[in-house]
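Okay, so here's the structure we're looking at.
Labels A, B, C, D and E are assigned to the chains in the order they are written; within every chain, residues are numbered from 1.
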C-alpha cells in the first residue's frame, strides 16, 4: 500500500449550470454503453441486449422488466433512457455524477424510488479500494439499474438466477429484484472485509517481529481505506432502514424479512469496520510502544557507557599530566594502584547501575 | 495472555449463494448433534433424547415443549428441525452462521420470536474469551434452543430445575423459559467479570512494583478481551428491552418483572466493563508515568556525570600538553594546586546541580 | 490517598440460583439488625424499636408508617419483613445485594415503588469514598427503608424532624417522607464535594511549588474517587426525574416542587464533579508541563557543557601528542597562544548558544 | 492572569436544614439592601426607593410594577419581600444561594415564573471572570429582580429606558420587561468575548515570537475562564428556549420574536466560546511544536559536536601514548600527517551529517 | 497561508442599544448601495436599477418581483427598503450585522420568511476564506436579497437565467427563486473544496518528501480555514431541512424535489470537510512520525559514536599516563598490541550494536 495519488476524491458539481443539466462526472471511459433488458414473470423470461434505444418501451403487459445499463459516461444515452422511463432530470444528474454519495429518494410525482449505492472492489494493483456507483430506479413494473462501466457486469449472478424458473426472483414483485441487487452488493463487502483481515494480521505480525517506520505508514493507509469504505457503506444502513419502514405499492411488506436480513449484514459490516479501526489503533500503539522501548534502551546504553568511562578517562588524564612533582608517578607500583582504583570504580558503578535498574 | 492468532473473527457470508441457503460457518466440529426434548406442564414433565428426527412432532396438546439442540454444524439436521417447526430459511441461515451478531427478530407470518445471543466462556489455556452462539426460537407452545457444540450442555442447570414440580418454570408459559435461559447466560457474564477483576488487580500490582514492556502488551490484550465482551453483550440490552416492551401472545406482561431484573444485570455488566476500561487506561497511565520517571532519572544521571567530569578532564588534558614553556608545570606544588582546583570545581558543580534540582 | 486494595468493587451475582433466592452480598457485618417503626399522622407520632418481628403489622388505620431497617445482612430478617409488607422476591434480592446500582422500579401488582440509591461517606482512614446502599420501598400508606449497617443510622435527622408536630413531613403523605430521605442523602453529597475541593486545591498548590512523581499518582486516585462518585450519583438524576413525571396515587404532584429542588441539587453535584475532573486534568497538565520544562533544562545543560568542553579538550589532547616534530610546542609562547585560542573558542560558543537560545 | 485562589467555587448547601430554610450563601457583603420600585403603564411611570418594607404592596390596579432588589445578603429582607409577593420558600432559598446554577422554574400554584441567570463581569484586577447571580420572578402584573450587591446596579440602562414614554417596555406586558433584562445581561456577554479575543490574540502573537513556559500556564488559565463562562451561559440557551415555547398568561407569544433574537445571541456567544477553545488549543499546539523544534535543535547540536570531536580527540589521545616504539611519532612529518587525517575525518563527517540531514 | 491577523471574527453587538436599532457591523465600505429590481412572470420580465428609493413599490399585480440589494453598509437605505416591504426591525438589525450566523426565521405576523447564509470566497492574496453575508426575505409575491458589497454581484448568473423565457425560474413561484439563489451559493462551496483538495495534496507531498516545521503551521492554518468553512455551512443543513418540511403558502411542496437536491449537496460538502479534517490529521501524523524517526536516528548516531570511542579513548589515555613503571610501555610491540586491542573492541562493539539493532 504505497503512496497514492487521487485518493482525495472531491465531490464535484458544475457550478453555474441550471439544476438538472446532464454532464458525466467520473473517470474517463471510452467503451460503448451496454444495455441489457430482461422481461419476466413466473412463467416466462426473455433476455436481450438493446442495440437501438428507440426500440425501448418500458411497458410489457403484466410482466416485469429489468433494464441493466452498464456505463453512465454517455449523457445522450442516459437522457434517452430517462425520457423512455420518465425519470426526473435531477435523478439523471445524480446518475451521471459518480461522486454522488449513497442515498434513497422517492420521486412522488413519478411514483419512482431512486437508490444510489456503491459497489466496492479491491484494486490489487494499487492496493486500494475502488468504488463503483450503482443507481437503481424502482418503478411500478420495472427496475432500471445503472452501473459505471469497467471490466465486468457485476450483476451476472442475478442474471443467471433470474433465468431459472424456480428462482425466488421470478415469484416476487420488482421490489424483491431491488433487494436481490442490494444483497449482491452487500455480499461483496464481506470479500473486502476478508482482504482487510488478512492485511491487518500480516501487519500485526510484522510490527511484533520488527517494527519499522514504514509500518506506521501502512497502518495510516489501511485506516484511510477503512474510512473510505465506511463512508460508502454507512448511508446504506439508513437506506435499507427506509425501505423496511416503507410500505407502499412500490415496496411491499412481503419483502421485509429479506430486507431485514441484508440490513443485518450491513450493520455487521459496519461494526466489523469499527472493530478493525480499534485493531489498527492497537497495532499503532504496539508500534509506538516498541519504538519507545528501543529508544529507552538506546538512552540507557549511552548513559551506562558514558558514566562508566568518564571517571576512568579522568584518572588516566590525571596521571598523564606533566607536573614536575607528582609523587604517585614516582611510586613503582603507582600504575598498578591506578589500575586497581579504576577496577574498583567500575565495580562500584556497576552496582550503582543495578540499583538504579539501568542494566 | 500471550500472542494470539485468529482473534479477528471476521463475520463471514457465502457471497453468491441465494438468500436462505444453508451452510455451517464456524469452527470445525466432528461430534454428532445432541437433541433433547422436554415436554412439560404444571403436573407432568417428560425428558427424552431424540435419536430419530422423524419422530419429532412439535405439538403436544396443551403441554409446552422445549427442544434443546446441541450442535449447529450439520445443516441437514438443522434443516430437518426447521421443517418440523416451520422455521424461516433466513432464520436457519443465521442459526448456522456462528459469526452472527446478537439480535432479536419477530417472524410475523410464522408467529415466532427469534433471539440470537452469545454465551461467553473464559478459555484458561489461551487466556481469552470464547463466544458460543445461542439461538432461541419462541413459538406459541414451544421453545427451540440451538447451541454450538463443545464440552458441555450449558443448559444443564435449567434441565435440573424444570424437573422439579415446584419450579417457577413449570407454572409459567414458554416466555418464562425463554427468560430463564437468557438469565442463565447473563449470570455467566458475572463469572467473566470476576476473572477480569482478578487479572486487572494482578496487573495493577505488577505495574506498581516493577513496570515492564510486557505489561503494556498485557493491558492491550485485556482491553481487547473487554472490547470483545462488550461487543457481544451490548446488543442484549436492547434485545431484552424489546422483550419488555413487547406485549403479545408470545411474550406476556407477567414475565416483565423478571425480564427487568435480567435487563438490570446486563446494564450492570456493561457499566462494569466501562469502569474496567477506565481502570485499564489508568494502569496504562501509571505504566507510562513510571517509565517516563525512569527515563528522566537516566537523563539526569548522564548529565550530572558528563557535566562533572568534562571540566576535570579538560584540566587534566591541559596539563598533559607538551609545550616547552608551561610555568605551572614547573611549580613544585602545581599538581596539588591543580587537584585543589578540580575539587573546587566539583563542589561548585554540586551546588549548581542542587540549585537546578538535578540531584 | 495511597495505594488501595479492593477498589474494583465488582458487582456480584449467585450464578446458578433461581431468580429471587435471597443471599446477602456485601461486606461482613456481625451486629444485629436494628428496626425502628414510626407511625404518624398530623396529630400523633409514635416511635418504637421492633424487637419481635412477629408483632409487625403494616397497616395502621389512616396513619402513615415508616419502617427504618438498619442492616441487610440477615436474609431471614429481610425475608420476614418482605412477607409482612408483601415485597416481591426480586426486590428483596436487590435489597440484599449491596453491589446493586441505583435504580427505580414500579412493582405494579403490589402497587409499590422501589428506589435504590447510595449514601456516600468519606473514609478518612483509607482516604477513599465509601458507598452505603439505601433501599426505599414506598407503599400506599407506608415507607420501608433499608440501610447497610455501620457506625450510625444516617436517618437520625429525619427522625428528629418527624417528632415535631410542625414538621412538613407530618402534614404531607408518605411521598414527602420519601423526598425527605432522598434530600438528606443528596445533601451529604455536598460534604464530599467540599472534601474534594480541599484535596484538589492542596494538590494544585503542591504541583505548582514542586512537582513530584507521587503527585501524578494522587491525581489519578482523586480522579478514580470522582468517577466512583459520579457512577453512584448519575442514575439518581433519572430516578428523581421519573418521580417528578410520575403522577400516581403513590407520588402525587403536590410533592413535585420539592422533588424539582433535589433534582436541581443532583444535577449541580454532577456538574461540579465534571468541572472537578477538568480541574484534575488541568493539574495533570501543569505537572507534565513543568516536568517537561525540567527535562528540557537538563538537556540544555548537558549540551552546553559538552559542546563547550569538547573543542577545548581536543586542543589540549592535540598538544599532548608526542610527535618529534611539533613546531608549536617549541614556541616559548605556544602555551599562552593555546590558552588564548581556548578562550576565544569559549567566547565564540557562548555567543552561538545565545543566538540558538540555549542559555 | 497569574495564579489564583478560590477559583473552584464549590456549590454549597446547608446539609441538615429543612428544605426552604433561608441562609445567605455567597461572598461577604456589608451594605444595606437597595430596593427600587417602578410602577408603570403606557401613560404613567413612577419610580421610588423603598425604605420601609412594610409599605410594599404588590398590587397597583392595572399598572405593572417592577421591584429591583440590589443585595441578597439579608435573609430577613428577602423573606419579607417573599411574603409580600407570595414567593415559595424554595424559591427564596435559591435566591439567597449565589452558587445556584442558572435555571427556569414555573411555580404553578403561585402562577409565577422563576428565572436564575448570571451576569458576568471581567475583574481587571485578578484577571478573571466574576459571576453575579440575577434572580427574576415574573408574576401576572409584576416582576421582582434580585441581584447580588456590588459596585453598581446593572439595570440602570433599563431604568433609563422605562422612564421614556415611547419605550417599547411601556407598551408591552411584564414579559417584555423580563426579556429586556435578559437581553441586557446577554449583551454584556459580548463585552467579555471582546476581552477574550484581545487576550487570545496577544497570547498567539507572543507564542509565535518567543514561546515561554509561562505561556502554557496562561493558556490553561484562559481555558479555565472560558469553561467558567460557558458553564454559566449554557443553561440560558434552554431557559430562553423554554420561554419561547411557553405560551401562557405569563409569557405571551407577542414577545416571541424578541426572545428568538436574544436566543440567537446566546447561541452565537456559545459558538464563539467553542471556536475560542479551538483557538486556545491551536495556540497550545503551536507552543508545543516550537518547544519540540527547539529540543530537536538542541539534540542535533549535541550530536554533531560529540560525533565530530570524538574521533579527533581519540587520534590526539592515540599519539599521546608513551609506548617506546611508536614509528609514526619518529616520522618528522608525522604531526602534519595526523593533522591532515583529522581534517579529512572532519570533512567526511560533515558530509555524513548533510546526508543524514542533521545540519 | 502565512500568519494572519483578524481571523478571530468575534460576533459583535451594540450592548446598550434598544433591540431593533439599526447599526452597520462589518468591514468598511465606501461605495453606494446598488439596487436592482426584477419584475417577472412567465410571459414578461423587466429589470431596472433603482436610483430613487421613493419610487419603490413592492406590489406588481400578479407579477413576482426580486429586489437585489448589493451593500448593507447604509442603514438609512436598508431602513427605507425595510419600510417599503414591511420588514421587522429585528430582521433589519440582523441584515446590517455581518457577524450574524446563518439562520432561518419565520415572521408570522408579516408572513415573511427570513434566511441568512454565507457566500464563501477564497481570498488568493491572504490565502484565507472570506465570508460574505447574504440575507434573503421571501414574501408572498416578492423576494428581497441583501449582499455585502464587494467586487462583484454574485447573483449575475441568476439574473442571466431569469431573462430567458424558458428558464424554470419564470415558471415557478418565488420559492423557486429562493431555491435558485441558495443553490448558486452552495455550488460555490464546491469551488472552495477544490482549492482545499489542491492545498492538502501539495502539503501531503511536501511532508512526505521533506518535513519541515513550517508544514505543521500550514496544517493548522488549513484546519482553521476548514473549521471556519464548516461553521458557516453547517447551519445551512438545518435551514434547508426546515424549508423542505415547511409546506405553507410561502414555500410549496412543488419545490421540494429541488430543495432536496441542494440539501444533498450541503450534506456532501460537510462530509467532504469532515474527511478533509481526517486527511489533515493524517498529514500531521505523518509529519510527527517522520520527525520522531529523525530524532531516533540522531540519538542512535550519538550513542553509537560515543559508545564506540569512549573505550578507545580510555585505552589511549591509559597509556598516556606518566608512571615510572608501566611494563607495557617498555614492550617494543606494546603499541601494536594496543592498536590490536582497540580494533578488537571496535569489532566487538559493532556486533553488540547489530544485536541491539542500533545500526
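The rule we apply is simple: a residue touches a chain if its C-beta (ideal position, glycine included) is under 8 Å from a C-beta of that chain, and two chains touch if they have at least 3 such contacts.
Nothing here was measured: the structure is a model prediction, and the numbers come from that model.
Counting the residue numbers that touch the partner chain, subunit B and subunit C have less than half of them in common. With each centre defined as the average position of its C-alpha atoms, the distance from subunit A to subunit D rounds to 43 Å. Rounded to whole angstrom, the centroid-to-centroid distance between subunit D and subunit E, based on C-alpha atoms, equals 27 Å. Within subunit A, residues 299, 302, 306, 313, 317, 320-322, 326 each touch two or more of the remaining chains.
If touching chains are joined by edges, the resulting network of the protein chains shown is one closed cycle, each chain touching exactly two neighbours. Round the ring, the chains follow in the order A, B, C, D, E when counting starts at subunit A and proceeds to subunit B. Residues of subunit E that touch subunit D in their complex: 3, 5, 8, 10-16, 18-19, 88, 90, 93, 100-101, 103, 105, 107, 109, 213, 216-217, 220, 223-224, 227, 231, 291, 294-295, 297-299, 301-302, 305-306, 308-309, 312-313, 316-317, 319-322, 326, 328-335, 338. On the side of subunit B, the complex with subunit C involves touching residues 157, 161, 167-168, 180, 183-184, 187-188, 190-191, 193-194, 197, 200-201, 208, 257-258, 260-261, 264-265, 267-269, 271-272, 275-276, 278-279, 282, 285-286, 289-290, 292-293, 296, 299-300, 302-303, 306-307, 310-311, 313-314, 317-318, 320-326, 356-358.
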